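One chain, chain A, appears in both complexes that follow, with chain B as partner in the first and chain C in the second.
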Partner chain A sequence: MNRLKKIKELPLLIVLIAISVFIAIVNPAFLSLENFLDLLKSNLVLAMMAMGMLFILLTGGIDVSVASIITAVNVILGQTLVHFTQNIFVVVLIACAAGILLGLMNGLLISMLKIPPIVATLGTMSMILGVVLYTTNGNWITGIPQNFIDFGRIILFPYILGDGRAIGIPIQVVFLIPVILLTWFVLKHTVMGRGIYAIGGNIDSAERMGFKTKKIILFVYSIEGLIIGLSAVAHTSIMRQVDPNAFLGFEMQVIAAVVLGGASTLGGYGSVFGTLIGVSLFSVINNGMILMRIPTFWQKIIVGFIIISSISVDMIQKKREEKQKVRVDVEEGGTYAV
Partner chain B sequence: MQSKIKKLFSSKEGILLIIFILIFITMSLLSPNKFLSNYNIQSLAYQLPEFGILSLSMMLIIMTGGINLSLTFTATLSMIVGGLAMSSYFTATNMPFVSVVIGVFVMLAVSIVLGMFNGFIVSYIGVTPMIATLGAATLFEGISLNITKGGAISGFPLMFLNIGNSAIFGIPVPMIIFIVVLIFMRILLEKSKMGAAIIMIGCNPKVAEFSGIKVKKILFQTYMIAGFLAGMAGIIMASRYNSAKESYGSSYLLQSVAASVLGGTSISGGEGKVLGTLLATMILQIISSGLNIFGLNRYLTNVLMGFILILVLAINYIAEQLKKKK
Partner chain C sequence: METPLLEIENISKFFPGVKALQNVGFSINKGEIHALIGENGAGKSTLIKILSGIYQPEPDGIIKMGGETLTHLDPLTSLHHGIVVIYQDFSLFPNLSVLENITLGRYVKSSKRLVNYKEMRKIAVDALKQLGVEVDLDILLGDLSVARQQLVAIARALANNAKLLILDEPTSSLSNTEVQKLFEIMFSLKAKGISLLFISHKLDELFAVSDRFSILRDGKFIGTYDENKLDDDQLISLMVGRQINYTIYPKRHLDIPLLEVKSLTKKGNYKDINFTLHKGEVLGITGLVGAGRTEVVKSIFGLNTADEGTLLLDGKDIIIKTPTDAMLAGIAFIPENRLSEGLVLRKSTKDNLGLTLLDVLSNKLGLIDPVKQEAMVEKWMSKLEIRPNNPDLLAAKLSGGNQQRVVIAKWLATEPKILIVDEPTNGIDVGAKAEIHKLLISLAEAGLGIIVVSSELPEILAICDRVVVMRRGRVTANMYCEGLNQEDIMSKAI
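== the complex of A and B ==
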């Protein structure tokens, strides 16, 4: 069982390594420590949001409102920092609360009113984004207090480069790592996690098995909201201002990264490790295209091509495996248990 | 007669019709001079077809249990390629009629090819529609941007503008195209064998396969038709805007999903009526144009649209629960 699971993420890992090697050959700067840290800093929010989306996809749901939620939390966060308090802990709490509330709204619509997730989140996306753009008029929020900016600039384990610049791990990993660990722990080691996978497999049988499906759905959308709240803090501390249009279309990137990592949009399949590989693949490709000086207009074509081809290859692989499994089943008289 | 009326009121389409009439009356009462003005009714009639055709295309895919996130980019990529062919042939030869024929032909051909591309990946390779079409959307957008370099394709012959802007016997040409598409869709989904097969695939592809339906082939053809419809909408849009650009109609993407679902199409497939989608499209269109007339901030219009979508689905659910209790 365990070995089988490890193999599942292997093809993707090979793709990731192959692309990395290719980029490194074209531009050796790719392998520098500085580039690696840059990659980490610029894709940390994607990685966090991907963890949130993983919860949702595992239950067979989908959330297209994530970009609007992080935008809303960013605006709330920005206004709080500029007008009310400079206390970072209070701000983090407010961001988390706002994220959880917005996530809970989705959860209630989906679990209580049984509105299909894609439609419910489509509706809330339109509403949340509408309110945000109406209140901000699309204008940036600037003038973030200095203490928050200084916090965002902190680097852990600094290393002084030859030209006197200090590089190191960005402070924002204090949000990323707990989120990854939390996701992994909930999914792997709690009853809730088992319930999440069970719902994704088949919601009716999960209900019959005794899982409280409504509660689980409320939980996944709330925890996703919490993760988005933390992502908003990380994002604002990196950007030092709030742009209400920064996340336009970001929901598709998040979903694509998670699905590239092996999660199924039908639910029941997906892992933290796979998602991290999916996010890395996305970030490496985006970074590599810049390092290889590919014109911007080509970048979308390449990303689209990679999404389609890697999932197609994965699909063909799965079909082949299934055929083999059936054969083993027949030949061994059905002793092959998964 | 009475039973017929009762039937109408208890069906989903009947309720949608009542909602449409109520909204129409409310808008007319609130602003009789503007909403009922000749100008507004005219512009509604010119705007509805492109949105309506895109909604029908989306509905077709949703009925198979899929979703098409590349819908608007299919429309824009085909109008860009066709528009480029048309305008360059026109500048080279100065023959308006031939260039329009070439342009329209290329637009439709490209949209069919793009539909086939989606269909191939979804049916023969077996990738989940959402991801396949998400990848396709990125790909199509990239190709479009590469052709236009971020600008717009223009320089169409004047004759081409007639498609989107003129009327025959007082009926706008886009409306005529829309009516033809509606009749075609009605026959396809509700009268033909293929329609029955699409509904079965949407309900349960495995059962459909076992009952002798060639699921892969039907799915492939469905995506092809959906691409063709997107191409039609693309022609109308290119003609109305007198140019072709990758971002045209991008707001229709999610609106078309909303229109399908509001119209009673089940998001998990296997259920849906052409009439329902038509009524839902009309409702969304008069709300957005009505609110525009009242001068409501466009961001608040979005809020209201989202709210209406959720409200209608919530009412649907509660009504169903009440019926069950009875």
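== the complex of A and C ==
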């Protein structure tokens, strides 16, 4: 099993290495430890959100409201920190609860009212952004308490550079690593996790087999909300303020990273390891384009191209499979009588 | 006598307007291969869905497993009692490994929360050992051939401790050698005391494996018979013979060829199809579902291009690659259910009539020319006697019969020489069927050639002058309907 899985994600890994080598040749700065740690810090939230999105894509759903949900949680988080409490533990709980509630809202619309996921999440996205705009007026939330800022600045395994700066693993990995482990464990080792794959493979069969498909769909949107809640804490602790516009268009990046990692937008295919490679690929390409001084507009075009091409390959494969299914068994040597 | 494994009594299922099953009752013994037989639409699928807990029967129905009455059967409790259905699509997961396909159901059933891959492997190996086959457990199911997937589905049933295995047309997508292998497996399961309910349309297969037959016709239970007490002809006569009183229209022998179909072949669909449609004729094409009927007529209409073969219209070769080619050649095609569902109900009769003619009716700017539209609408409303004679009335306000006239009129407005209708009366009530029959006959009398694809033998016998019977992609008979009965047709189709 494990041997096979590794083989499946091998091509992606090779692409990742090839691109890294190419960027390193063009700009050797890419290979420095410092750049690597920067990459980790700036893509950590993407990696967490990708885990959430993986749950959704596996069931055959999609969630375009993720950017609006993290924005909303960030605002709630910022206000709580500024006005109510400085207790980090309480803040994390509040962020998780807010994320779960917003995710649950999507889940209810999709599983109970059977609204197509793209429509439901487009709707909630607009509503959430509206409320965020109303409460913030588009203004940044500043004045985050010092203890939270200090927390966000902690680095693990520090290493002092020649110029006296300390670099190391950002503290925010304490959110990232549990999220990855949780996702892996749920998907790989729980019956419900395998049910998530089963739903993506064939929802009718999953139902016939006895999976409670409505419950499972509700669950994936809630756990995604929980992950977004934790992502919001990680993000705010890195940025030390809340920008209501920071995540504009971020949903596309999340979806693209997961799809790049081999997940199918039609459901059923995708893994944690693949998603991590997808996120790395996406961040390396982005980072490489910056290091190679490619203009921003070109970066956007290239990212869009990557999204569309990786999804098209997926769709074309599915279509081919469908075509092979429609067959009538033709008998040899039939008779013909008038 | 030993208690039967499954006993059902008085099982009925009604849907709005349809009695899908009425008072069905029979029993299946332990270690028996029991065949469930009936025409398309006889109620076999409904019965399977009741046994598997997807549908609930009407209140007085009784289902007993091993003498114990099962109240309120849902999919999970049905599985708990060992009833496992292997559907034609197998209900497997192409994206999961063979291992998980075999064992996952058992985990769901036992309401465990965690999966244990070691244990799964043991269960799967056991199940495959019982079947006596070897399949790589780590391969994705989607990468297996259909026959291998079927084995996985059976292995899954065994892993679920199946007592009654329901096989829904298990041979329909297998080659001959694969069918023989399946039969061997069925016999070995039977020897282990597992009961099988076998559904098939193929007589040779039914007689080869079954101990007893239970026959359904039109949702009614006809009886259970021992395999050795029946022969082919008796079985067919029990299956068919639906008593439906349609008006039988006079049969004609027509001889001016309109459309000649010669050696039409499409790989994987049908092979060497030959027939001729004459001017003014109603030609039926029948056969069991999956015989390739619809595929053939779709090819004639350019929706499913054939690999080989020629079409002659009025003696001249025609090439049809797209529906537009077909429409230009004068062929109209009304797909299944379109007579009953082919209307935009919230639009007027006038608008509905114009739908097929948008390019003819529109002027140079691409807008509809009201003068042309008026003329067209008036012509067809009077030709087909659509009542009330008010083109602005919403289609929803018309009676059923008149709605169907509007649909036909909209296709006739393209001035076809040939009208192909696929299952024209599927799922509509008897009165509306009679209306459609009358209309089709009157069109034929006006000189159109009409091809009716239908599974319903009484309908074929009521309106067709001639019938082409198909079986597994081949034409098996081409007969005048005069003097035919349902058995004559069914014996060629099965």
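Everything that follows uses one rule, which is that the second predicted complex is superposed on the first by the 299 of 338 C-alpha atoms of A that agree within 3 Å, B and C clash if a C-alpha of one lies under 4 Å from a C-alpha of the other, contacts with A are read in each partner's own complex, and residues count from 1 in each chain.
The working rule: a residue touches a chain if its C-beta (ideal position, glycine included) is under 8 Å from a C-beta of that chain, and two chains touch if they have at least 3 such contacts.
This structure is a prediction, so every number in the text was calculated from the model and none was measured.
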item: Contacts of A:Leu104 with chain B and chain C, given as first, second, both or neither; value: neither
item: First (chain B), second (chain C), both or neither touched by A:Leu37; value: neither
item: Contacts of A:Ile203 with chain B and chain C, given as first, second, both or neither; value: neither
item: Which of chain B and chain C A:Phe211 touches, first, second, both or neither; value: second
item: Chain B versus chain C, judged by how many residues of chain A each one touches; value: B
item: First (chain B), second (chain C), both or neither touched by A:Val131; value: first
item: Residue ranges of chain A in contact with chain C within the complex; value: 1, 4, 189-195, 197-198, 200-202, 204-211, 268-269, 321, 327-331, 334-338
item: Footprint of chain A on chain C - complex, ascending; value: 52, 54, 75-76, 79, 85, 87, 89, 91-97, 99-100, 104-105, 107-109, 112-115, 117, 138, 142, 172-173, 268-272, 274, 290-292, 295, 471-479
item: Residue numbers on chain B that touch chain A, as the complex places them; value: 67, 69, 121, 125-128, 130-132, 134-143, 145-146, 149-150, 254, 257-258, 261, 267-268, 297, 299-307, 309-310, 313-314, 317-318
item: Chain B-facing residues of chain A, complex; value: 62, 64, 109, 113-116, 118-120, 122-127, 129-131, 133-134, 252, 255-256, 259, 264-266, 297-305, 307-308, 311-312, 315-316, 319
